[in-house]
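Once you've had a glance at the structure underneath, I'll fire off some questions.
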Amino acid sequence: MDRCDVGRIQTGSFRWCLAKEQLKNSSTQSPWNWCLRGNIENPIGAAQMPLGVAGPLRVNGVHADGVFYVPLATTEGALVRSYERGMAALTRAGGVTTRIHVDENRVAPVFCFDNVSDAYDFARCLQEDFETIRAEAESTTHHGKLLRLECHPVGREVIVSFCYSTADAHGMNMIVKATDRACKWIIDHSKARRVYVFSGFSSEKRASGSLLAGGKGKKVTAGALLPKRIVKSYLHTTPGQLFDMWHHTVLGHMQANAIGYNGHYANGLAAIFIACGQDVANIANSAVGVTNLEVTEAGDLYASVTLPSLTVATVGGGTGLGTSRECLEMLGCAGSGHAAKFAEIVAATLLAGELSMGGAIASEEFVEAHETYGRNRPED
Amino acid sequence: MDRCDVGRIQTGSFRWCLAKEQLKNSSTQSPWNWCLRGNIENPIGAAQMPLGVAGPLRVNGVHADGVFYVPLATTEGALVRSYERGMAALTRAGGVTTRIHVDENRVAPVFCFDNVSDAYDFARCLQEDFETIRAEAESTTHHGKLLRLECHPVGREVIVSFCYSTADAHGMNMIVKATDRACKWIIDHSKARRVYVFSGFSSEKRASGSLLAGGKGKKVTAGALLPKRIVKSYLHTTPGQLFDMWHHTVLGHMQANAIGYNGHYANGLAAIFIACGQDVANIANSAVGVTNLEVTEAGDLYASVTLPSLTVATVGGGTGLGTSRECLEMLGCAGSGHAAKFAEIVAATLLAGELSMGGAIASEEFVEAHETYGRNRPED
Amino acid sequence: MDRCDVGRIQTGSFRWCLAKEQLKNSSTQSPWNWCLRGNIENPIGAAQMPLGVAGPLRVNGVHADGVFYVPLATTEGALVRSYERGMAALTRAGGVTTRIHVDENRVAPVFCFDNVSDAYDFARCLQEDFETIRAEAESTTHHGKLLRLECHPVGREVIVSFCYSTADAHGMNMIVKATDRACKWIIDHSKARRVYVFSGFSSEKRASGSLLAGGKGKKVTAGALLPKRIVKSYLHTTPGQLFDMWHHTVLGHMQANAIGYNGHYANGLAAIFIACGQDVANIANSAVGVTNLEVTEAGDLYASVTLPSLTVATVGGGTGLGTSRECLEMLGCAGSGHAAKFAEIVAATLLAGELSMGGAIASEEFVEAHETYGRNRPED
Amino acid sequence: MDRCDVGRIQTGSFRWCLAKEQLKNSSTQSPWNWCLRGNIENPIGAAQMPLGVAGPLRVNGVHADGVFYVPLATTEGALVRSYERGMAALTRAGGVTTRIHVDENRVAPVFCFDNVSDAYDFARCLQEDFETIRAEAESTTHHGKLLRLECHPVGREVIVSFCYSTADAHGMNMIVKATDRACKWIIDHSKARRVYVFSGFSSEKRASGSLLAGGKGKKVTAGALLPKRIVKSYLHTTPGQLFDMWHHTVLGHMQANAIGYNGHYANGLAAIFIACGQDVANIANSAVGVTNLEVTEAGDLYASVTLPSLTVATVGGGTGLGTSRECLEMLGCAGSGHAAKFAEIVAATLLAGELSMGGAIASEEFVEAHETYGRNRPED
C-alpha cells in the first residue's frame, strides 16, 4: 500500500513521503502485525499513548462482580492517580453498585411528506406495520434486534427512532444497514416522499439534551455509600463539604447551560476508550449524564453517576486489535457476552473520578495534586 | 515501574500481576523510551491505535497556509477515506479559508457571599482591582496572560471567568495555578466567605451551550466555496441536495435538543487528538459548534464550520511524546508558535468531514461506503 | 372582604387603602358579577386589557373545521394586524391543516431510595402494579384517566411521569391530586424512602428541551401550502426569501442556545390566553416548538408549526369567567368537548403569526409596520 | 370601530357580527374610554381578568425601598394566597434585598458576507466605527442609548448584538428602529451582502440558554435570610427540608433539560404583567432564571432568585392604560423613573412565590392548599 503515490500524484508535495520515511525508522512502525483492513485506510503505523492502570476497584454489579484494575491511556499527569484515589475510597467502602436500565442503540431516519395530514396519518399507523418493518430490518443482520419504533413528528415530517438491541457490538454499521433496508420498504408502502437515514436526532457522537432519556447506548447507574471516615481519609474532606461543592458547581453548570452535571466524565471515558479500542468519538454522547452527591441522615456520603448514553462494545470495531484486546482481557471483558460487564466497570470508574475530582476541589488540593503528579516540565 | 506491589498490597489480588506478565511479552512493551514522568502514573506501556493519513488538504489560513496531510488515529473503517474525500473536494475547489476569532482559555471560580448585596458590590467593583489581580495571577507563570475578568452573579454568589492567553499550550494547569493564586488575594481583600476554584461554568471537558460564545480554547471558522461540478464529481450530489439534507437534519438536532449543529465533529477530533497528543477528553467541549451549508445565487455551495471551543496545543501535555510529536511534525506544527496553525488545520479537516458525511447522506451512499471500507468481519 | 384591615394591621401603611379607594371609583369596579371564589383571593376588581379580533382564519382540522375570528387581548400595537395578515394569506391559500398527535398532561413525582439497586428494582417492576396505581389515582377524579407511567432513573432516585388524559380541562389540580393519592400507595408498597409529588421534570409553566417530545399538554401540528403569488401579495416577499430568513435566524437560535425555533409564539399565545381565560403562565411551556418553512419543487411555500406542549382548556380555571367565556363562544369553543378544537385554532393562529412576522423581516417592512400601527406616542 | 365591515367583506360570515352584537350588551363594553390607538387594532372592548392583591412585601432595594402590596391578575385559585404567604414570611424576616446588575435591551441583526474571511475582517474592525454607528442609531431616538456592540461570528456571517439603555420603556420599537438605521449605514460601509435586523439571537419573547448571561432586559437578583422559626411558622417546614426539595427538583430540571431552575416564575410574572400593563409575551424570556436555596451554618435559610432577562417598563406600551396605570400607581411605579423600582418589586415577588411553592412541596401541603383555595367546582 504505497501511500506516497497518492500524495505525489495529487499534489506534487514531497512532504508526506518525507514524513513517511521518518516514520519508517520510528516507533510507529511497531513489529506487530495487525489486520488493519476494515479499521483504517492509508495506514502508516500506530499512534501510541502512555498506558497506565488504576485500581483496585470493587464493582458489585449484575454483570461485573469483583475487583478490577482499569487500563487508562492518557497523557494528562495526575489522571491515573486521581482515578485510583477514588477507586481506593470506593473499594474500601465496599464497592460500587452498578445497574443497567436500558441497553439499546438507535438510528433515527426522517420521513418527509406533502403535508401535516399525511405525516399525522403515517405517525398514527406506523406501529401497525411493526412486524413487517422488523422483518425487513433484521433480514440484514444476525445480531441486531429491532425492539420498537418511536415517532417524533415535526411539521410535515416524522422522525422515527429505530431502537435496537445490538448485543455486545457497538453496532452502528449493523443498525444503519438494517434501518436503511426497512426505510426502503416504508418508502414503498407509505406516502413518504423521501427519507434521510439520519435525521440528527439520535445524537450519535454528539452531546444533546435528549440523550438524558437514554436510548443511544447503555443507560447505567453506579452508586456507593461512603462512610464519612473514608471520605476523610481518602478524599481529605467531609460529606458536607463535598456536597457544598456539588451545590455550588451545579449552579455553574446551569449558568453555562450544560447538559446534566458532571465533573470530568470525559477524562475517564477518553482514557478507557483509547485503552480498550472503543470508538473514541462516542465520548461526545457518552459524557452526557448526571453526578449526584447526597449527605445521608447519618452524615455519610451517597454518590452516584447516571450515564444515559454509554456507548461501549467488546466485539467489533477496534476491540480486537493488539493492545485493545489485551486491555479488555485485563478486565475479563474481551469478546462476546461482556459488553454489559464492561459498561458497569466503566460507570464505576467514572464514579471514582467524580469523587476524586470533587474531593480535590472541596479540599482545595487540586492545584497541589497537579503540581505533584502533573507535568514535570518547567511550565506548560 | 513495579506496579505489582501496589496491586498486592492493597488487595492481595494476583490478577493484575498476571496481566502484567502477559503484557511483558506483548506489543504494549514497545522498545521506545518515553519520558513518562508527568504524563501518567502506574505506567505499563503504551496503547496503540491504527494511524492513517488523509490528504491533500489545502488550507488558506492566517497561520496555516499550504497543503497538508493529516494524521488520523482511528479504528473506524471508512473514516480516513471519508475525510480524505472531503479534503480532495475542498483542495480541488481552491482550499479552505480559516480564521481564528478568539484565542483564550479560562478558569471560572465562584465566590460566595453573605447576601445578594455583598455579591452585587463585589461584581460591580472587581474590575477596579484588575491590575493587582493580574499581577497575582501572572506571578505564577511565564506564559499565561490574564486578559480580563467576567462576572456572572447568581444569587449571593459570583462566578468570575478568568480569561487567559496561554500561548501554544493547553494551559489548564498553568491557569488553574494562576487563578488559585489570584483567588487567595481576592479572598483576603473582599467580603467573599469562600471560593471554589472551579464553578463548573468554564465547561472544561464538557459540552455546554455557553461554549458557543467562545472563551474556552480557540474560536475558529473555516469555510469554502465549492462549485457545483466539484460537489457532483467528489460528493456525488448537488449543492441543493446537500442543503436539503442540512435543513432536515437541523430539525433533528432541534428535536434532540442538541447544542449547535454538526455531522460528526467528534470523529475528526478524536482521530487528530489521539494522533497528535492532544488531551482527548477535550473532545467534549471542542465538538460543540455549528456547520452551515448554503447554496449561492450561482448554484454553488458555501460550506463552513464554526468551532467556538477548539482546545489544541503544540507544546506541553502529550504533544512531545513519541508518535504524537512525529504527527505534529508531519503538519509542521510541533513546538512553540504553532498552536494557531494547528487549530486552523483541525478546523479545515472537520469541514472536510462534514462535507463527506453530508454527501454520503444526501446521495444515499452512506451504507454502501461503510460496506466497502468498513468492518471486514462477518458482522459487527 | 375588607382587604384594608390586612394592610393596616400588618404594616400601618395607608397606601393600599388609598389605592383601593381610587379603585372604587374606577373602571376596575365593573358592574359585572363574577363568582370569583376559586379563582382568586383578595379580589379588588378586574384588570382590563384591550381586546381585538383577527380573522378570517380558515382551519381544516379534525376538530376545528371552518372559518374563525380569533379574539386577541394585547397592548402591543400592530400585533392584531400582523396576525390578521397571516390569517388572510392562509385563508386565501385554502386554510391551515391541523392535527393533534398527543393529548395528555402529566405530573412527575420523584421517589427516593437507599441505593441505585433499590431504584433499579423499583423502575423495573413498577409497571406490574400499573392497574392498582391507576385505580388509586382515578379514585380521586371523574375526568382524569391515567394512561401510563414512564420511569427516569437518576442515581438512587426514580422520576416517574404520570401521564393522564384530562378531557377538556387543564387539569393540573385534578392530576396532582390523583398522583398524590397514587404516590401514597406506592410509598406503602415499595422501598421508596420518600416522594416529592413534583420533581421539576414535567416542566409545568417552564420552558425545557424535553417538552419537544410532548406529554405536557397537546402536541399539535399546523401546516399550509402557500402559492408564491399569495406569498407575494399578502406577505410582500417570496418563498425563497422567506426561507432564507428562516435559515439565517435558525443560526441565531442555535447561537442563543434556544429550544426549538419560533418567531414569536409567545405573542399569539399571550393574546389568546388572556382573551380566552387560559392559565397565562402556561405560555412558558406552550411557547416551546418548531416553526419550519420549506420551498417546494414548484417554488411555493410550505409552512408549519409544531407545538409539543400546548396547554389549553375550555372548562375549569378561568374559562367560564365573563369575557373569557364570551371569547371562547366567539370561537365556538366554550365548555366541554371543545378543547381539541380550541387547540387547533390556536395552532393555526400561531402559524399565521409566524408567517406575518417572517414576511415583515424578509421584506424589511418590520420597522415600517410598527411605525404605522405601533405606538402613537412621540416615542416609547 | 366598526369591525363588522371587515368581517363581512372578506368572508361573508355573519358569525363575527353576531358575536359582536352579543359583546355590545356584555361586560366587555365597559364605559371607560381608552385611547386605544397605538395599542391594538380591530378593538371590540376589553378582556377582563380577576385582580387581587398580595402583601405586605418589604423590599430593601436600591430603587424600591419600602412595603408594597402587589396587584396580581389571575384566574388560578390559591395563587394570590400562595404569593402572599411567601411575602409575609419574607417581610417578617426583614424583607428582600434586591439588586439590578444589568439594565439593557438589545437587538441582534445578522450580517451576511461572501466568505469567512470577510466576516472575520468585519468582526475584527467593527468596533472602530462604534461612534459613528452609535450616532446613526441614536439619531432616531431621544431615550435609547447604544452602549456597545458584541459580535458572534457563525461561518461567513456575523451576528451583532446592539446593546441599549432604554430608560423606563420596554423600548423594542425604539431600538429596532435605531438598529435598522445603523444597519443601513453599516451595509453602505462594509462588505456585508445583506442584513436581517433580527437574527433570532436576542431571544425576545423566547426562552434560551444565552439569556442567563443577561442583556435582554434587567438582570436582577433578590435574596433574603429567613430564620428557621419563620420558615417553620410561615412555610410549615424547615430550611433543611426546603433545601432537600431544591436538591431533588434540581435533578428533575436537569433531566428535563430545563434552562436554569425555578418553581413557577411564570405564575407571578403573568399575574403582575397582566395587572400592570406589561408586554405579557415577555414572560417567555423573563421566566428564565435561577432560584437558589441554602442552609446557613446557623441552620437558617438563604433564598434567592436571579432573573437575567426581566423585561419590564413603566412608560409606553400598555403601561398607561386604565387599570394598568392604576396598578402601577399602587406600587408607586407609574411613569418615568420607576422601571428599576418596579423590576425590584417584581423580583421580590417572584422570590415570595418560590418560597411558598417550595414550602408547599416540602411540607406536602400542596394538594391540600389547592383543595382549600382552588377551584370550587366539583372538579376541573
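Per-chain residue numbering starts at 1, and chain names A, B, C and D are given in the order in which the chains are listed.
Please note the rule applied: a residue touches a chain if its C-beta (ideal position, glycine included) is under 8 Å from a C-beta of that chain, and two chains touch if they have at least 3 such contacts.
Being a predicted model, the structure only gives us computed values, none of them experimental.
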Thinking of B-D, which of A-D, A-C or A-B forms a repeat of its interface, with over half the contact pairs identical?
A-C
For the interfaces C-D and B-C, which has the higher count of C-beta pairs in contact?
C-D
With centres defined as the mean C-alpha position, give me the subunit C-subunit D separation in Å.
17
Taking each chain's centre as the mean of its CA atoms, subunit A sits from subunit C at a distance in Å of 37
So what's the Cα centroid distance for subunit B and subunit C, whole Å?
40
For subunit B, give me the residues that contact two or more of the other chains.
152, 154-155, 209-210, 212-213, 250-251, 254-255, 257, 259, 261, 290, 292, 294
Subunit A residues touching subunit C - in the complex, by the definition given at the top:
97-99, 101, 115-117, 119-120, 123-124, 152-156, 209-210, 212-213, 219, 221-223, 225, 257, 290, 292, 294, 302, 304-306
Would you tell me which residues of subunit D are touching subunit A in their complex?
209-210, 212-213, 247, 250-251, 254-255, 257, 259-261, 290, 292, 294
